[in-house]
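One structure coming up, written as structure tokens, with questions to follow.
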Amino acid sequence: MDAYLVAILTIAGIYVILALALNLQFGLTGLVNFGVVGFFGLGAYASGIATESFHAPFIGGLAVAMATGALAGAALALLCLRLSGDFLAIVTLGFAETVRLIFNNEDWLTGGPKGLLIMTRPVLADFGRTANAWMVLGVVLTGAVLTLALMLRLAGTPYGRVLRAIREDELVPATLGKNVFVYRLQSFVIGSMLMAAAGSLYAHYVQTITPDNFTTPVAILVWMSVIVGGPGNMLGAVVGALAVVTIYEGSRFLTPWLGFLDAEQVSALRFIVIGTALILVIRFRPEGLLPEPRHTPVVPATRRPALKG
Amino acid sequence: MTLLRLQNLRAGYGGGDIVHGVDLEVAPGEMVALVGPNGAGKSTLLKSIAGVAKVTGGTLMLDDKDLVPLSPAARAQAGAAFMPQDRNVFRTLSVSENLSVSAWGCKDIAQRREEVTALLPTMRPYMHKRAGGLSGGQRQMVALAMALMARPRVLLVDEPTAGLSPLLVGEMLDVLHQLAAAATLGILIVEQNARAALERADRALVLVDGRVVRAGSAAVLAQEPDFGALFFGEAA
Amino acid sequence: MQMFINALATAAILAPAAVAFTLIFTLFRYANFAAGGFVTVGAFAAWTLNAPLGLPLWAGGVGAMGVCAGAVALSDRVVFRPLRGRSGGTLLLVSIALSFVIENIIRFGFGAQVKGFDLPLTGPLVFAGLRVPKETLFVIAVSLVATLAVGALLSFTPIGRALRAVADNPSLANVRGLPVPGVEAFGVIVAGALFGLSGTLVGVDLAIDPNLNWAIAIPVIAAAIVGGLGSPLGAAIGAVVIGLAEELTAAHFTPTYKGAVGFVVIALVLLLRPQGLLGIKVDRK
């Protein structure tokens, strides 16, 4: 039981980081990024390749992952950030799918469908299974806490206010002299960098990754975390991620009750419930569990005309 | 015999009332102009008759039929055709298609198109052009023709000359005046160009802050010495 | 030349769904990602009528069109209509979730095994050095007829005109006496029937399984975007373009990357010429 709890908390921690990153992009800045699993996967593979093929330590792998995520995010953003919401979503979705196809196809690099085996773990030394598991959990939770702290910082400061203003109406911040595109770019890149970091943590936790780990259902779970938790509210994203992981993992326990269904069907049923829940939340409580906290509105500094002496 | 009758009509868009109790009548064959300063509520009044703005009080009758419970489409069927100020043609359809689609559910669409084109013959050269490619004046003609396709009893026209050159302003108002007489149509027109409207209309109402401050024969009103003052509520 | 035939076959499968997608986009102003889901519903409906229930294929196809029309109408009423005022991004997110739910409902009901229609085996036609399976010709022919029929419906009939008018300016349509809700319902049903047709055609040429959802959603959307959102003719042409692009990719790179073609095309079009080939500038939310 204990080991299972550690496992769930580790996964939850990773989803918390993903949700926080998406919340920065969508919740604060209004960018509909469906490429979550693309960056997640890039981080995972980049970190794995760095540590396995180039014998970097875990930290090196993490750094490589974050760099890859930031670069990919920047490239994608430069290309298509100017697109409107629905089309940005489609293109980012395409990015994730294409990345996954590349993972599958270029098996000389990634091991293809068979997967990539990762021996390196974020542990000090091998103290046995349980201790290792706790160590990994510790690293993941540290990452989650750091991310949360960073996000709270960003959200609470004038930077966050600008992002929110951009989300509501581009024209107003633009007329106040803010370079809207740069703000969006920064938001997107920070987000994608964090998603890649989560990927690195994930890869070194599960130790075998295949392209099938980075498919749409994962993206839907992350989106659910943000929407259910409350878009724009960082604590909400944490709550949302915890709730979604609990429901998703918890529903495994229903399997004995659903003995009349086969494994395929139970899996499908869980996805049906998740997808429907997402639609229902969007319909009936789009502000999520923890609505966005009201911040004082940005008041442009009034300029007094220079007094003639 | 009154076609359109408003009694103590109040209307708005769901916030407060913009029109505060207006009495108005339009008879068949006459053109009545609604003039007044900006923000007086002229368009709102017209839109409330069309069903686009909300009637909050008073009565609104067309041929002794109560219009208030009817939707805009139903009011169109009942004989009150509304010509909006802008976005008043289907830009992706041809002129001919615009007309056909405005006679939805009618059996004699081709015949009606002929009738309307006879009334507004300047449209003939561009019948098959895409409505979005027309000039402002041409578009207004098409919008008017579309409203006429339903063989309305009363035509509600919202600032048809906005954005048109002075020459076209005169032409448009002349066409409307002729239509009223020829087709025994009642026309209620909101017009910013007060002088031009009063020269062609039979009667007129001056609306200020949602209330009628003057009503009567257009010719008499046009002679009024302090006509401009009316607009600012200075004359009683 | 063989490649060209294959491209046409792909285009034939995509075209009806692409037209349906563009219809929904012009009428309701959002990108309905559940297109893939509806096509899958069509495929499975046709299969259910054909294989276990033993009906001939054409009956299965007609049934599929009916089932899909119902599915699209139901989802519009239950899922999309209540969310009408929301942003395009929200609606897209909901449609992605919906397509996800539909795919898994099908997986729940039918399992993940690949299925095929119960068709008599016929040999391919061989001419001019080409081998063309009869099924492929059938698919191309049916798709062509259907697309032309829908085009004629939109261009020459009163209801088609009304649909174009409502898509152009719904509030003006209302004021001019058009029964807007009825016209929208008609549009939904036509779109649904087209999705059903695509689903049936997919089953003839390819395999039927729940993963169809993803595999087909992107090429369909790409075809509609390339052709220009708002133009059914454009959607049909777009389908041919995508078919060709996929064949070329399979030939010059590996077939695995066929799935990426749609996305790359979408990205290119949106960046270089957002209105596509024949599209009109539409205000989007």
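Residue numbering begins at 1 within each chain, and the chains themselves are lettered A, B and C in the order written.
Here is the rule we use: contacts are C-beta pairs under 8 Å (C-beta built on N, C-alpha and C of every residue); 3 or more make two chains touch, one makes a residue touch a chain.
Keep in mind that this is a model prediction, so the values were computed, not measured.
**Q** Please name the chain that ends up farthest from chain A once chain centres are defined by their CA atoms averaged.
**A** Result for max centroid distance from chain A is chain B.
**Q** By C-alpha centroids, what is the most central chain here?
**A** Closest to the centre of all protein C-alpha atoms: chain C.
**Q** Can you check how far apart chain B and chain C are, centre to centre, with Cα atoms defining each centre and the answer in Å?
**A** The separation of the two C-alpha centroids amounts to 44 Å.
**Q** Between chain A and chain B, what distance separates the C-alpha centroids? Give it in angstrom.
**A** Comparing mean C-alpha positions, chain B is 56 Å from chain A.
**Q** If you average the CA atoms of chain A and of chain C, how many Å lie between those two points?
**A** 31
**Q** Contact residues on chain C for chain A in the complex?
**A** 30-31, 33, 79, 82-83, 86-94, 96-98, 100-101, 104-105, 107-108, 111-112, 214, 218, 221, 254, 256-257, 259-260, 262-264, 266-267, 270-271, 284-285
**Q** Can you list the chain B residues touching chain C in their complex?
**A** On the chain B side, the touching residues are 50-52, 71-73, 76-77, 82, 84, 87-93, 97-98, 100-102, 104-105, 109, 146-147, 150.
**Q** Provide the residue numbers of chain A that touch chain C in the complex, in ascending order.
**A** Touching chain C from chain A are residues 30, 32, 34, 79-80, 83-91, 93-95, 97-98, 101, 104-105, 216-217, 220, 223, 227, 262, 264-265, 268-269, 271-272, 275-276, 278-279, 282-283, 286.
**Q** Quick check on the complex: what are the chain C residues that touch chain B?
**A** 158, 161-162, 164-165, 167-169, 171-180, 230, 280
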